[in-house]
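Quick one: structure below, then a few questions.
Chain lettering (A, B, C, D and E) follows the sequence in which the chains are written, and residue indices restart at 1 in each chain.
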Amino acid sequence: MVESLKTSSEKKGLPPGSLIHVGEVMDQPTRISLIDYNGETLVERGIDSFSQVLEYKDSPSVTWVIIEGLTNIDMIQSMGDYFDIHGLVLEDILNTHQRPKFEAYDNHLYVVLKSLMTHNSAFTVAYEQVSLLVLNNFVFMFKEKSDDLLDPIFQRLRASHGRIRQSGADYLMYVIMDTIVDQNFELIDVLDETMVAVEEELFGTPTHKTMTKIQGLKRELITVRRQVSPIRELMSDLMYCESALINPQTGIYLRDVQDHALRVIELLESYRDILGGFVEIYMSAVNNRMNEVMKVLTLFASIFIPLTFLTGIYGMNFDYLPELHYKWAYPSLWILFIAIPVGLLVYFKKKRWL
Amino acid sequence: MVESLKTSSEKKGLPPGSLIHVGEVMDQPTRISLIDYNGETLVERGIDSFSQVLEYKDSPSVTWVIIEGLTNIDMIQSMGDYFDIHGLVLEDILNTHQRPKFEAYDNHLYVVLKSLMTHNSAFTVAYEQVSLLVLNNFVFMFKEKSDDLLDPIFQRLRASHGRIRQSGADYLMYVIMDTIVDQNFELIDVLDETMVAVEEELFGTPTHKTMTKIQGLKRELITVRRQVSPIRELMSDLMYCESALINPQTGIYLRDVQDHALRVIELLESYRDILGGFVEIYMSAVNNRMNEVMKVLTLFASIFIPLTFLTGIYGMNFDYLPELHYKWAYPSLWILFIAIPVGLLVYFKKKRWL
Amino acid sequence: MVESLKTSSEKKGLPPGSLIHVGEVMDQPTRISLIDYNGETLVERGIDSFSQVLEYKDSPSVTWVIIEGLTNIDMIQSMGDYFDIHGLVLEDILNTHQRPKFEAYDNHLYVVLKSLMTHNSAFTVAYEQVSLLVLNNFVFMFKEKSDDLLDPIFQRLRASHGRIRQSGADYLMYVIMDTIVDQNFELIDVLDETMVAVEEELFGTPTHKTMTKIQGLKRELITVRRQVSPIRELMSDLMYCESALINPQTGIYLRDVQDHALRVIELLESYRDILGGFVEIYMSAVNNRMNEVMKVLTLFASIFIPLTFLTGIYGMNFDYLPELHYKWAYPSLWILFIAIPVGLLVYFKKKRWL
Amino acid sequence: MVESLKTSSEKKGLPPGSLIHVGEVMDQPTRISLIDYNGETLVERGIDSFSQVLEYKDSPSVTWVIIEGLTNIDMIQSMGDYFDIHGLVLEDILNTHQRPKFEAYDNHLYVVLKSLMTHNSAFTVAYEQVSLLVLNNFVFMFKEKSDDLLDPIFQRLRASHGRIRQSGADYLMYVIMDTIVDQNFELIDVLDETMVAVEEELFGTPTHKTMTKIQGLKRELITVRRQVSPIRELMSDLMYCESALINPQTGIYLRDVQDHALRVIELLESYRDILGGFVEIYMSAVNNRMNEVMKVLTLFASIFIPLTFLTGIYGMNFDYLPELHYKWAYPSLWILFIAIPVGLLVYFKKKRWL
Amino acid sequence: MVESLKTSSEKKGLPPGSLIHVGEVMDQPTRISLIDYNGETLVERGIDSFSQVLEYKDSPSVTWVIIEGLTNIDMIQSMGDYFDIHGLVLEDILNTHQRPKFEAYDNHLYVVLKSLMTHNSAFTVAYEQVSLLVLNNFVFMFKEKSDDLLDPIFQRLRASHGRIRQSGADYLMYVIMDTIVDQNFELIDVLDETMVAVEEELFGTPTHKTMTKIQGLKRELITVRRQVSPIRELMSDLMYCESALINPQTGIYLRDVQDHALRVIELLESYRDILGGFVEIYMSAVNNRMNEVMKVLTLFASIFIPLTFLTGIYGMNFDYLPELHYKWAYPSLWILFIAIPVGLLVYFKKKRWL
């Protein structure tokens, strides 16, 4: 079945708390980068060993640590120890089959999101799990692989001295969530284009292939919806949690993300309903063509079968078959040969079969 | 796909807070008009520069500023600065892909609605986003383009000295919302006429085109519903927000708008169910016609094929074929030629195939 | 489309608060009657001018004013003025396209209901809007037309000296609502009979007409449900409003109306599900008949086409066609003519096609 | 339609509070029996006049009065008077078209349930309304007719000296409700058997009759669900009502009944979904058979029609038709007669039509 | 029908509180084993008589008693007596037709779960009811039969000296529940593989058998969902119960189980939707093949029937049929024999029937 439905029974038999990476992306070496910023300064650096992160532990500036690739379990274990992260959170970070969710702990917030991307016109969606760990002045971000998802945020951090540079870790969390949710609009644009193409096929000469395309889109939508719809609940939980880690002013921004998520969900619903209509149009088109074929058959058969019967009569070899000897028999038969089809055609026309 | 489903990925990569116009209507120059009124006086004027609006800032009369066309971003930015509007609100005003929603800020209320219009009988709906910004004695209204949506309100303001002229900005907000929601009833009237036309086709000789019309209506309904159904929640939020900007007496009027919105939503549900029935009638009609065609084919084939076989027998050239020499053979064959079809017709009649 | 879906865009452009009658029944002259009663006395009289109603304004007996026909707008305006009724209520009374709803004001309660009646066996439902205005010792009732809806209540008032004569305006309100809700049971009885008739057709020889009947019922049910289902919410609102106008003891009676409304709604759901099954039975019956027709065609064609081929062979005029000269050729061909059909029939029988 | 959907418009025009029996079972004479028990003694007796019940009114033992048959209205009226039962409750007891419900009054509890029974394999369900009136140390039970529903409870009362004999009227109420709810499991067992039989037909040679059986089951399920699903709400109301008539310890037992009711409802949902699948299997089977028939027709027609054309050619009587005089013409034609069918069969085989 | 839908009417007529084993697994002799552990020591032993369990009653270590096989009713009765377990709980333990549920009593918690296993590729699921009784330092576990479900937990207990060995009975309860819920992921993996196989059939040459496979999967999914979806509610009840038996720190772990259960439920929903799409693809494939067959029939019939008619004409034996004597008649007829099929093929090609 579709990859994204593949579930995780790999962990079976292991105690809760034993860290192991579960997921599709297994060959991405772990790469850590760090951005430390405040209103005045911005430091970007790559990190080799986790101890380098600890240098920033007590600084008042916001430190954003990005871990790409989840194969280095030791590193995540030591991060958990240094920053006092709950064991279940560490487990969930490593298991990429999570539902999007938000969990508030005493000293940290934990957010799981799915980053959805599609690059081709067949609307094949690639899913990446993104985990955020928000502490006081610290944001840890865990991604399955390296990609360009975060580039716009990097640019804003570097370019502006505005709100993002003035605000705390909670605002950075908001910016990241906003980026991931808004990505879905691009996804929907691709979906829209794909559906326009399918629709053109549908109004041309749809075949069974068109149907399988429609069903393929339906199935991809099912998975996308499953990854997107928990965001609604996630955002409410986040907005109504009364954690000291979230500045009240950030609430308005989170409401905005919530709004976007709702719009994505409503759009997905709309597209699903439209796909349901596609199936009906396809069925109607197929029925229509079948009808056309049957009409042609009926036309030929009902016209020529009676005529052939007539020729059969006068092809018989009876000694006593008087019409055979009438001079006008053959020509007058031709009158029938013409009158019968014309009569039937007129009749079918009247019945609106032609 | 349908225009209105087109989503907004244009803003990708921009920081939240960067103002940019997102939408379909790009070539409408920004036009500002202003109406300032109280129980006694009414001033209507066009505005060239935003500073003219500031003249009314401290007057106790209600000032209604109508901005048509969203391309003048500087103007909106300066409005936001002068009146202390939250940056996300400014963004949302410029992005015409919002869900209808209500947001209460300390010093202003923000309402987004969709104005739905249709002019032709094919039920193609044009969507326009209308944003309302309600401050103390001030209403800013942002529209994508110029149209006659507000004419009735203008007339009432000019003509009457009644409640609207005696009341504050919240009552003006109510009047505008009422106008936009009630517009949907006109929409539904057009939908109703379109459906009557489709229904006539359906009870005549429906074709595949009828089906695509039904599906087109279905799809337009999906989009309309998506734009209308959030109003239910919007109105509750508005009625239960305890903003000082809303006079308690206005609550009864808002409940009335809520009622109308509910009625629109229920009507849309009814029409959707009726369209579902249309599909079933269409399918039944198509099946019916297929049945008719098959019956004709079966009738001709089952009557004439046996007769042709009979003529075939006596068309054979065997030396020894005694019937050929009987004098009564040919006439008695004619008895069969008549008896077989009559028998079959009686049989089919009895089986209720005719 | 169906009349009852016709919406009201007639009021477009009028200010809220301008009274105008909106509805289908336009030619019913307004007729007012008044019943004033308490435990001992009962007065019934027709009313010409509204001032006659005012005579009863301060009496402790219950006064029930019935206004049939909504064309006399002046009268309703003056009633509103005398009894201090909110302008929106007056508007809603005149606009017969309301959803059933309950609204509590300081000095009066407002209830809108739909009275549903059907007189014929085709289950065509006539809708009438009934508005109730309950004040202290006063009930105003507004109906679109004169009919026999209230006759049973009149009889009870005249006959009994029981609870209804002992109780206040709230109990009268209950009795009226009970009467209107229970009317739906009669409606459902007619629906039941109509469906029995359709079902008989369905198990006989259903045609496309049966299908359109089913769809007609479906559509009428959609409208009925739309008018009935808001009663559930209306009754809760009424039961949980803490108006001084409702005696706590009446609450038990309102719960009874609520119960009946729930039962009506559940019955309508059941009938809708059953109609869904009707469509499936119809489709199955049509498929079945198509199958029968195809089998006959296949039977005739597959038996006689091979035989005709055989006769064709020996109808050929080759000089060298030795079988033609064998004496036993023709009789032995007849063996084939019999053996082939018999063989095919046995084969078809074995395959369960016959 | 089905009997159980028949609604009650018989009462039309009667005041609320007028007692009249509404229902299908009209000829059952009223039969009263009484069981009075405590831990030590148990008295069972038939009752002729209601005054005999009053003897037990002030005794501390539990008195269970069973009224079978609802035609004796006077008796029920006098019971209501003696025990101070609300008039609406008396009405509801006599009207057997109630939804299952629970109502708490000051001095009594009122429970309506439906006892569902089926005796035959066609899953035709008989519905009986059972009303319970629970007072302090008194349980009145109203049934439409005499049957063996209560036999197991009688046996337990007689045999045991256990909890039921030690407990109060509320525990007896629980035992009765438990018995009625658990009866549904028997019903579901019959449903299961019926569905197994239908399924066998479905995997054999399903006909239109199979379809009507499926639809019949569907419809019966609709009615059963309508009678069973309100129990969920009834039980919550009962468990959360804070009546002094219910011992807190009985709560755990009521939760158990709730559990069983939930399980019944979930099972009914499952069976409904399975029936939906049955319709799809049926449709697929019918399509399949149609396909088979069409293939046979196509096979015969496409093989023999070309051959017959060939024989037609050489059956023509042209003076100049040279092939007729070739000696090898006829034998070589036979090669064609064999080659063409073989070729077509191979082609059809390759196309997977055979 | 499917075994798991088989309901329990075996207990009919028995008083609540009478212990009797209800279920499918009847021949499993009761086998008791006991594990007693704390941070330092671990004792595993088989148990013959229940009195051996009592030795551990007052020890502070956690004692886990596993009862496999539910036929030894006396043992369960005596357990209930010794540990003061409510009679309804004992009943529920013995009746294996429970819904998954959680119940909190004063001195013990009761959890019912279903362990779902599948071993073969046809996705036939075996259901086993697992009951947990959690007391202070005691966990009783009741299973229907012996299997390897608990092996991973045994291994963890034996191997580690970690959290599980340090924690109390509530943590053991969590570990067991986690194991049972996570088992469903394996189930879903098997389901996924089965569906991939069905899908391959679907895109090859699907037959009616494919349809029955799809329906079989659908039905199994219905049952699985019925057993899994109550876990959502169970977990909330468990998390929000304020029993002293649950350590607050265990709450986070229970939330994790809740999360996994939600994911299972969402995955089951997705698979159900995908199966719905399978039905549509199947129907489309069948229609497609029917269309192909009809086209071949139409092609052959519409080409050869007219030609045969032509041969029929010149096979007639009229004395006066002048064409028969023209020398070019036969060859020019061959031109028609070729031109007509070519013309029809071109026409059909243009109409896109080929």
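Convention: contacts are C-beta pairs under 8 Å (C-beta built on N, C-alpha and C of every residue); 3 or more make two chains touch, one makes a residue touch a chain.
A quick note: this is a predicted structure, and the numbers were derived from the prediction, not measured.
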{"item": "Chains in simultaneous contact with chain A and chain E", "value": "none"}
{"item": "Gap in Å, rounded to a whole number, between the CA centres of chain E and chain D", "value": "26"}
{"item": "Rounded Å distance, chain B centre to chain E centre (Cα mean)", "value": "42"}
{"item": "Multi-partner residues of chain B (each touching 2 or more other chains)", "value": "290, 294, 297, 301, 305, 308, 312, 315-317, 321"}
{"item": "Contact graph of the chains (line, ring, star, complete, other)", "value": "ring"}
{"item": "Sequence of touching chains round the ring, chain A onward through chain B", "value": "A, B, C, D, E"}
{"item": "Residues of chain B touching chain A in the complex", "value": "1, 5-9, 11-17, 86, 88, 92, 97-99, 101, 103, 105, 205, 207-208, 211-212, 215, 218-219, 222-223, 226, 279, 282-283, 286, 289-290, 292-294, 296-297, 300-301, 304-305, 307-308, 310-312, 314-317, 321, 323-327, 329-330, 333, 337"}
{"item": "Chain C - residues contacting chain D, complex", "value": "151-152, 155-156, 160, 162-164, 175, 178, 182-183, 185-186, 188-189, 192, 195-196, 199, 203, 252-253, 255-256, 259, 262-263, 266-267, 269-271, 273-274, 277, 280-281, 284-285, 287-288, 290-291, 294-295, 297-298, 301-302, 305-306, 308-309, 312-313, 315-321, 351-353"}
